[in-house]
């Protein structure tokens, strides 16, 4: 029996509700975020993703806009009607980030940051928990147990690619993790083909493959202008490519017992024939 | 521009023709092979797979029936109308195996067995070249170059899973290899979800994901009685599960510009509404 | 030019001073800690290691004694004259742990816990930074940059094993990281053969190999009674085995331009002929 | 109880006899081979290594001189008194190569080339079996079983590095494989730090570490002029660097119960004080 998790006011994930979480890797500016958020809402995304606090390998890299980024996410959320999923890095920031997010993301580098897991476990917001780049399925489930142990049962697991010896892709996306996890837990499982491959050309094939493997959603990086992105531009889809992917996912969904879940689209109602929805164009 | 390869008298792979290669891991007996071959033909498979020479980790394991296994494959081929793909391990066996096969398989352990690659390169039979368990995409393409250098251009590349630290699956199936390879070579690319996951429960999701990622075919182990298999029984589908998978792939194919390719089914004609085909029920 | 770092009142590491950091994985009780601390001091260890806050894969595992464990470490330090290296997991605990430690350890799971790196960077205590289980050398150096960027230049890098597909050892100890790091940074480099192999039988060979590869120290788990350890007992040396390892390292050191560094042993003076030192036998 | 294997007329490996196998990656010319062979003999190497048949990733790379290379190896062997270890790739070449070699090498790409293992198993020459780049210890031992099953018990196992995600080194040298193998088999175990690291700068530290970990020998690439090598020049030591390494290994050996084994040096007699030996200085 698959678990269904409620997100925000009218979204669900799991048990036949497939959620596309889309947006830029990092919030860079009002202009960049709004252009991207409008586009993904227009194409039928279910949640707006975007990072205000970015974990970067080197200290000199762009680290995100922080609190200002959170405010911009809230603004974009009001504008598009899409709720927000955003990452929290520091246990001391959990409460602040939670005021701006419908889903709190714990990134792959923090999958075993146990103080952080405990903090997000104390809230009653859904948590998107990303698998570490060399974590086993069992370790991912134990990390989820840290959140559960604090009382938060709304956990969405995310496969986002493993460390690999082949530089053809940035990480090695372990799509078999989807059926493996579904055999071991009722929690929803989503896939991040953007980090998982690191190249825009491979994102749509792997997002489609994720749905075909049984995933409950995908996390897709979209940028209104990838060439100027401050972070991971080479893996971001342009809005037209994202729209094309959404259309393909819409067509595939019924074959896999799925319905794309998005605000304003009646849950459980048949998918609308066309991508753009009234509710996302306010 | 994708390359299409002709197999046997009336089969094609690549460029919109999707081939399901199905059958037992190893040829064990006439009874076992015929029961399985009949079942996969009935469900619409395109090629019969089965090993007469088996590369086994330990010398005490069942090593295949050898020449007797080749004869049984030929018999099963005549019975079902399905051409055969089977593995060759030793450069000294290439000519003999070629008399019984429409496609010669070079297994993952032999991806860099250069004398063997040169021998199969001298024939004009299609070669199914499996990626080594820790080979990069570039190394796989270089291995194909050894075959090409001898004049054989009919090469089908196969992703079958990489060595992994997580024992949840037997190997780590790298489905992103499909779009990566298609960006770098026009050769057809197929996926082996049976070895790639090692568990029957994960084969159908990953075969579907392979088609959704853009693959030109899949290699699926089927056994009439998996519990009694001499080799890899835990990853073999039963005939009913295989039939169900075929039905799902048939439904998916049009969404991905594919048509299931099988003997007796007019190439390029619309897929038949039901699985069983006249030519496979003699 | 190799960097030498001062630890506590009279210890140095790097540039020819080799430090053996030894003690239990976790502080379990006064009795356990004292018995182990006495033994490692007696054999000539340079620092006492022991965890008060333990990062454990599953929430139900023993998580360490916390503040009580820190007090016991301070007590054992006074008793033996050995300064303490202990792990800090939570940025909110850094100040407290720093009051009990001469070296703060950032564990492999936290190598990219950037808020924690920044906190330990604000102190002026040496930091032992462990390489993540799938981190590249470049990522390890970037993590050190986070500490450096806050002004703390006393960083000791530690190789402790990488994720591997072979369960013969718990991790795959990458000893070549020692010369690779020494080519790229003047910071001292130590090796943890206990976590790196996971089996007591392999600790001494790999500790010796670490010195032969050019390391500036080793981190060795010792337990007065490994069979009753609450954490990682199978990889702990008994005191007699540890004494034997120390004796072998003492003999090897001059061949590699090293001198074992321990409190009460004059820095730069020739190694004493026998293991036990006056200062550690009070 | 460790097994000792006799090589050629008067060399032994295992049980306290440590053999350094040195020479160029590939035999390129009489001049290159003789200059290198003279140098390694002069420094006290025990066996001359050099490839006549080279397994190369791409078909256009230099593939070795073949039969001509074997003749040159025999000539260099007569000149220096060093017996030869060289690789065989094709089961059809085993007899020919055996006429020129005291030890037959099966390379890492062929660790599971079962027809080749069976052929070398039928001879009574020692076999140097290299671990595959992603083979487990258990798989390596099973590969040795294929040789043993044919009656050849003179097997030397070789760790030469595993596939890795970190390009700092060419492979990831698994030195812990030495004590792990020694716990599971009495066969001698040697280490190849040249392929294992891929950079000349790291070869000496890792060769020393191999001895300190308990290995029975090392395989070291030496080239009289690395900058002009046709194959793997960046990992070859120059003769002076090799001489320096030999001197360090000579000094280390007694600490590890080892004696360097070389022709003309009385087996079991104390190591000579200086590197060059009468028998190698004609």
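Read from first to last, the chains carry the letters A, B, C and D; within each, the first residue is number 1.
By our rule, a contact is a pair of C-beta atoms (placed from the backbone, for glycine too) under 8 Å apart; a residue touches a chain by one contact, two chains touch by 3 or more.
This one's a predicted model, so the numbers in the text were calculated from it and none came from an experiment.
Chemist: Following contacts chain by chain, what is the lowest number of steps it takes to reach chain D starting at chain B?
Modeler: Steps on the shortest route: 1.
Chemist: So which one's got more C-beta contacts, A-D or A-C?
Modeler: By the number of C-beta pairs in contact, the winner is A-C.
Chemist: Considering only mean CA positions as chain centres, point out the chain farthest from chain C.
Modeler: Between chain C and every other chain, the largest centroid distance is to B.
Chemist: Which whole number of Å gives the spacing of the CA centres of chain A and chain D?
Modeler: 51
Chemist: At what distance in angstrom does the C-alpha mean of chain D lie from that of chain C?
Modeler: Roughly 35 Å, centre to centre.
Chemist: In whole angstrom, how far does the Cα centroid of chain A sit from the Cα centroid of chain C?
Modeler: The computed centroid separation for chain A versus chain C comes out at 38 Å.
Chemist: Where in chain C do residues touch two or more other chains at once?
Modeler: 134, 163-165, 167 - these are the residues of chain C that touch more than one other chain.
Chemist: Help me check something: in the complex, which residues belonging to chain B touch chain C?
Modeler: Checking each residue of chain B against chain C gives 163-165, 167.
Chemist: Would you pull the chain B residues touching chain D in the complex into a rising list?
Modeler: 55-60, 89-92, 109-110, 112-115, 133-134, 139, 142, 145-146, 149, 163
Chemist: Residue numbers of chain B touching chain A in their complex, please.
Modeler: Touch list, chain B to chain A: 134, 136-138, 162, 164-169, 172-180, 183, 196-197, 201-202, 205-206, 208-214, 248, 251-252, 255.
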